[in-house]
């Protein structure tokens, strides 16, 4: 079994309405020292697989096809046995 | 930067077009200027292939206050009120990124309505996807529907109607057309004009970033595998920002100091500034350093072409800039004075004290080349086979129960509840006839007895067989839908989706389609108040079926007279208005059951169409009808089922000999037909009126308490099992 | 009888609520801007539906820090009536005026339709014109209406008579099919211990005129009227 | 300046509708070896602050007040100078 953590973030040039709104909210709550805030996704999953490289290639495939939207997002992952 | 041939073609400009730019300027353009011309002279912004044809459309009429030319058309409904409406396509963006593509389409069309000073009160959409079973279609369908929902629900504009078709020709090129309707106090109407030398130009809304760069040019390019690389052209919408923009713009529309307003749609700052200046017969100077920016180090080129969403450009009377800016700030929006109106007819763009572009404003918006493209009747038309050549119908052993179940399970015919249930169709508390209850939605106008009926329609298979008649039918059916709730059709907004106009066969389809729309709009007295053209809808060289889409608005003087399509009471008598013919070519039945297309599209007699519509409307106004439902895809059998299931009643239909084949009796898609039901008390008066009008009609049966549909000895099915097949569309 | 209706940035049922309580129910009503720091004299404050701050991050999480919310909390703590509808319910949860939290609908989609809800207690300012067991037909329209709380909170809500409405079928049965969003025990509306704060996912302001499909929402506003 | 990464996850005892939906989508695409998948948020932000402990206490406060809802969510963060 493998444990994967996937971090999905919006590409830099893509507008992040959520992040912008939260940043604005923090400002009005007197947290004015947050020059930048962006919101992405954090996905935790298990892969029932015995071979690391197979697990990894499956994870990549899933990231590209389903978990992230490569047109507007980037992804990154950690994969570990356990 | 040197302007090379490669650079010119990367901007989708021909060498002749480039020469024309040089002639206008009397010199070589700067890179920024080249970019500005390239987007404004793109097909999407300049209508260079379609202009001559669009001029054919009827645009004036008794109720029309503003036809094409402004951001949206305006229709007078009396009491000092007017309706504003327009259709917009977001086909290519939705093919690349369905959620954001559809969402930003909704955002864009809403801004066209608010620039007029109107409050958006309804959204509709027309969707075309490829084969329902393919995973890609599922992905696109889900993404598009949730994008429309995500945006429309959040801004608080109800999505009250639409249509969804599945056809293989859209596999690579889905269509997403959205329509927005707004209401306006006529006295507050705003135009997209810049006037008065020295008046300040104000930028308002969201910040400018790199997203969606070159989207306008992108929208006019053929889609091919290369498009995957055009990724940054996809924009992300911020419906929350849009909601704030709606409120702020409405507030400012009521101020006397507002002179003009324009949304930054395709080609953002360039199109809005040059169009406003062009309309005011003047010029404008802009200082890009003052533009609220999201990304660091934006170049003038990027800022002039950025298609960041949720932005507006305004001109106010000098001295009122602070007041205007204050309104936007109150709503939490960015706003800044970024320039002023000039008398010299030039659009002058400065960046950090340097002039980066200076061009005649009108040359961008008005002087794009216009092409009279050659047209040629497509060869495929000669290869089409009529079903009468191919198969014989009415085989004794056909089980029409099975057939009906299959036709109902076609996703094109099936219930669209899993789609519209994702849309907030009630916000605003004006939606009096809800999705699924009738052929058109009905919105009440608070403070009056009036209502407006809205429908969007178009059958592209008919248009493939015969784009002229198909175009006519789109108008006729949209009008019929509106009539079926009890409203008088007043005006049209159209979305013209076709393939590559440089292909003479495609251009012929386009020409025929427009001429068909023209003739039907003239006959039904529903002028075209605006619309959208989307060309180059092709994937790897294969064009979609010609797909004109008609948005129709009708007025109802007293909404208490409204009628829906569901049968109401057992023992009501069912009539079919209009003529039923042996017309299975192009039908959904033929497609689903025999996997064939046929040759002819159904005939349309506009004279008869008008008579049928007027008769139905009069019957409704005399309050003689319990229900009314237009016959469309799936013909009589499907219409009967729909009236049964929405009214939770059965029907017993006895037609007897008609001369039609059994299949045609049940599934023919003959036009100009309406299914009505009449209570026994109203029967005499209704028949008397029908006789007096001398339109073809038939009494065909009765509404029953028992929950089943019986049609002669052809069909006898419990509604429950029919309903199961009909609910095949799952999201 | 006077209502105050709070407008947050992104509220979109504020005008509907205003029209409903004033034009249909005949009460006085006033809009309150979220940046205001003072509440006028009101008998009942409505936190309307919509997407305050786009519902970004979590529904209601940002609106809850609007300046006016401090006043609303004080008003509620002083026994004033506060009705949160849909997004307003979400704001009340985030502001901790009501216990629990909202999750995304079980089927993940936004859902707009008419549902039935059953009344559980009639001894509150919001239900005194209803009888226990009365069924109302009222529309819902939301993406995050899947109410959640832990077991002990649920017990306290139940024992305290704070679960005022739950989703049911036309006959009043609380079935899974009648639960549109996966809410714990079909919960559609809860009030606080003192019964002066109500959070309701369905939109009673959309069910005040027969031409819109149902008039059942009137019963809630009639209750408020007779309480005040 | 401090860089913060905040991971917000639904508590274990709480059903995750979105995660369940994505897991279902993966299954229908023949990825049947994913016994568990949960979706959370990944927030990246900058804190303009010179002192680590002040940055950290501000971050905690923001997490508890607005970025997460302790009734249904847990949070965790990484904070680093840079």
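Here the chain labels run A, B, C and D in written order, and each chain numbers its own residues starting at 1.
Note that in this section a residue touches a chain if its C-beta (ideal position, glycine included) is under 8 Å from a C-beta of that chain, and two chains touch if they have at least 3 such contacts.
Quick caveat, the model's predicted, so the values are computed rather than measured.
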Legend entry - Selected pair, greater C-beta contact count between B-C and A-C: B-C
Legend entry - Whole-Å gap between the CA centroids of chain A and chain D: 10
Legend entry - chain B-chain D separation of Cα centroids, rounded to whole Å: 41
Legend entry - Separation of mean Cα positions, chain C and chain B [Å, integer]: 36
Legend entry - For chain B, residues that touch 2 or more chains besides their own: 238-241, 332
Inset, instruction - Give me the residues of chain D that touch two or more other chains. - result: 29, 41, 65-67
Inset, instruction - Give me the residues of chain C that touch two or more other chains. - result: 53-54, 56-57, 62, 65
Legend entry - Every chain pair meeting the contact rule: A-B, A-C, A-D, B-C, C-D
Legend entry - Residue ranges of chain D touching chain C (in the complex, touch as defined): 10, 13-15, 17-18, 21, 41, 65-67, 69, 71-72
Legend entry - chain A to chain C touching residues, read off their complex: 17-18, 21-22, 25, 28-29, 39
Inset, instruction - Sort out for me which residues of chain A touch chain D in the complex. - result: 7-9, 19, 22, 25-26, 29, 31, 33-49, 58, 62, 65-67
Inset, instruction - Could you please specify the touching residues of chain B with respect to chain A in the complex? - result: 96-97, 99-100, 206, 209-211, 231-232, 234-241, 294-295, 308-309, 332
Inset, instruction - Under the touch definition given earlier, write down the residues of chain C that touch chain B in their complex. - result: 9-10, 12-13, 15-16, 19-20, 23, 49-51, 53-56, 109-113, 139, 141, 143, 203, 205-206, 208-209, 211-213
